[in-house]
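Just below is one structure, and these are the notes that go with it.
Here the chain labels run A, B, C and D in written order, and each chain numbers its own residues starting at 1.
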């Protein structure tokens, strides 16, 4: 089992649908501790990605991922644009020229992607950001692979860990992003970016 | 939600069409990239000034494009920073060989998008010279290297004006950037809200306030502030806004300041005049001299009700740059 | 009621204190009579221009005191016209021997108080020469000799600017008054509200509107309009405001106009830009040429949300007078 | 029975108290068809009149009435200021030099006052203004005097007529003052100025 161009396309299409379904919810989460645009931002971005998938066909994973990253960078803006854009731009790098990726190759891509987010945003686990979903997800993926799980199972573990990481943002006091302006008042709310990140992993196993 | 709009996702594009018509001959609008430029071609050898950010803060930034101020303003969606492509294109277009200063309000999204644009510009052959100054004047947010730091608010208006005046004088990029940096280092702001704003795409306010409550320490994105406080008379509100500002820099007896009393978008001018009276009274009592006051809606938060106060400690050069001619939709004097 | 004020009955006095501080060196305030004067002494032989009215319409009128516009503005209590003593004193003080033009918005209270002041001035020995122009441009109100007639709204801003420019040129009283009269005869306005305002002394809004309603044909005193209508997109609202304006003068293909899209006090600028885009589109379709657009909060109704549109059919002389230098708190160009 | 300086002073003091008590009510009436300031305007004016009565003593009715008129003109503003100001300034004229006025002299003063209001405001009965209370009041006063009533009785008839006239403004469509801007929508509301005028007559008999 491996990730094909078709598989990645399906993942992205599923995510676009998921985001459309959750647009209001994400905006509501952002209203509580941010500026009420995360849903709109992500919807605008994934609409642009879906248009890309409709318009073009791709031979390799890296070309597809790079285009997705570029589409997000140019369509989203805000914090989510550069972060999710960087995610896919970096995801592409270890997959240069590949039409399919096995579990290890996908691990490298995910690591590159998440490291990219970390560098771009200068944040880390515990800051109440999307990294609180992404980092545990990649760790859980790696653990599952090391334990011999196949790709779908590893991705399922990743999605579960992302969900848990997302839930763990609730009590956190934000140190990065807009929510940090609220100080202690940011506690008690789930981070919108962690939520959209958890949905991204969920979309991979749908 | 009641607004003079056609559809939530068309607000920025529609407003830019109206803006272009209202200021025809003075600005040009690239509608594809939602970017406003000066209508007159950039003077060879002068530094270009590019700013931008989410929309919803009008007249910031597009209203400050013109002689003596910005060369270009990149407009994002409401409360959403512009994308690198907008900034990159604007930066290229306003460069006359003397380089470009990017003025960025300190929000994660703004900083990252401008950063990516600067990286892309640097990768180009014969890459143009870019300097970036990030503005972070809002004392409502505690500053630390562990956090996203302070928000950029009222200082932006002054940085755009004073750096713009320096650029218009033909000064080199390093000088123009140094002016902006000096403004930011000497600027402190604090804001409050009587009522929240309603972002068009959300359709409802981000927070609620009781009839006898106000929100202290708000930014300009409709986010809740640092604390909800009991509603108070204007004199008292002015004290609550100025106390943290004065203590932070700190400002001291004998200081000369530029002062902004800024409306958040739906605050009537009569209330801003009144607030300025309270602010002036308190500053006088502290022996702080207001060299130049500015009162009105200059950096807003859609239809939020409330105000913010910005002080900039200003030496004579900064005051002189403030007085320099400016001809933009929102600030105009001397020509 | 949430406002940046100290006490309802101190609003005007407190705001004037702040206004004086904010525009020190450019205006002087007689606090006892709540009247704002130009700081520079009146030029001998030039016509004095006095206006005034209830407060709550800021920047009108005090914000229009200065070079090229008003000599003095008499401020009444909120929504209450000034008293004859204010007008009489201001009229005397700004007279340099060339006479004084009084610009009065057509409200019973304003008209009677200015009338009494003029009567008192006429009774004085060596009585000074006074001309009065009453502005009544609001098409929402049907005109008839049986009623109080139409309200004075947006035309006031243009009359004050253009008559002010004529006075600054040293033209005689009859000419200056004729300019104001020409502005009024060629001006038509119509306003609408998304939300009512709250007069400080009343403490609550004068009327209520449902989430899906707007009020068409409102004035600038928080009064209910001619009709409550279903909330509509901006493009449609612009049509509803322009249709009665265009039909009334009537304006015709080929006309050249000055155009004001005016905010009612709590309307964010982004919405006014957007509305101007819709207005410009409709005027273009009618073959009417906007010579000079003006977009912003220029004659407000406290914290009312909404906008009004004013068109002034303008010959080249009126356009030239519009372009003449002006230096007031609220309108400033050319110096 | 006649009106003395002391009697006029008492009338004005009573009216000042009445206005203070009805300030909110008058403002509410004005909110419905005007600009919500009639209560504040009248209260400001009558406070100034009360201060005048505290500060000075008066020998004759005309001097007192004239001062009252001037105080109202300089303190009230709006429509009510010139109208009530003119009322008292004109009320003074037929009483020149008099320390007391008999029923006929008072009739002349009331007529002069109401004619003054009519001239100043260019309005008449039926326009939904204070004249709808004032004009019937003076007519009723005259009728009572003609029928031999004494001054207190005649004033009581005047107050009753003013109340009726005020009530009659409810269905009227306003033709003068701010309410006229509302056109047909002004019907169904009692005129604030007619209300304060009816209270003025009531204060005379308290």
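In the analysis below, contacts are C-beta pairs under 8 Å (C-beta built on N, C-alpha and C of every residue); 3 or more make two chains touch, one makes a residue touch a chain.
None of these values were measured; they are calculated from a predicted model.
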Steps needed, at minimum, to go from chain A to chain D via contacts: 3
Approximate Å spacing (C-alpha centroids) for the pair chain C, chain D: 32
Separation of chain A from chain C, taking each centre as the mean of its C-alpha atoms, in whole Å: 55
Pairwise touch network: line, ring, star, complete, or other: line
Contacting chain pairs - touch in the sense defined above: A-B, B-C, C-D
Chain A to chain B touching residues, read off their complex: 27-28, 31-37, 39-41, 44, 73-83, 85, 120-121, 175-178, 180-183, 185
Partner chain D, residues of chain C touching it in the complex: 9, 54, 76-85, 107-109, 112-113, 115-116, 140-142, 146-148, 151, 199, 201-202, 204, 206-207, 219, 221-224, 226-227
Contact footprint of chain B on chain C as seen in their complex: 1-7, 11, 14-19, 21-22, 24, 55-56, 58-59, 63, 194-195, 211, 214, 231, 233-235, 237, 261, 265-278, 280, 290, 293, 295, 297, 300, 302-303, 305-307, 327, 332-335
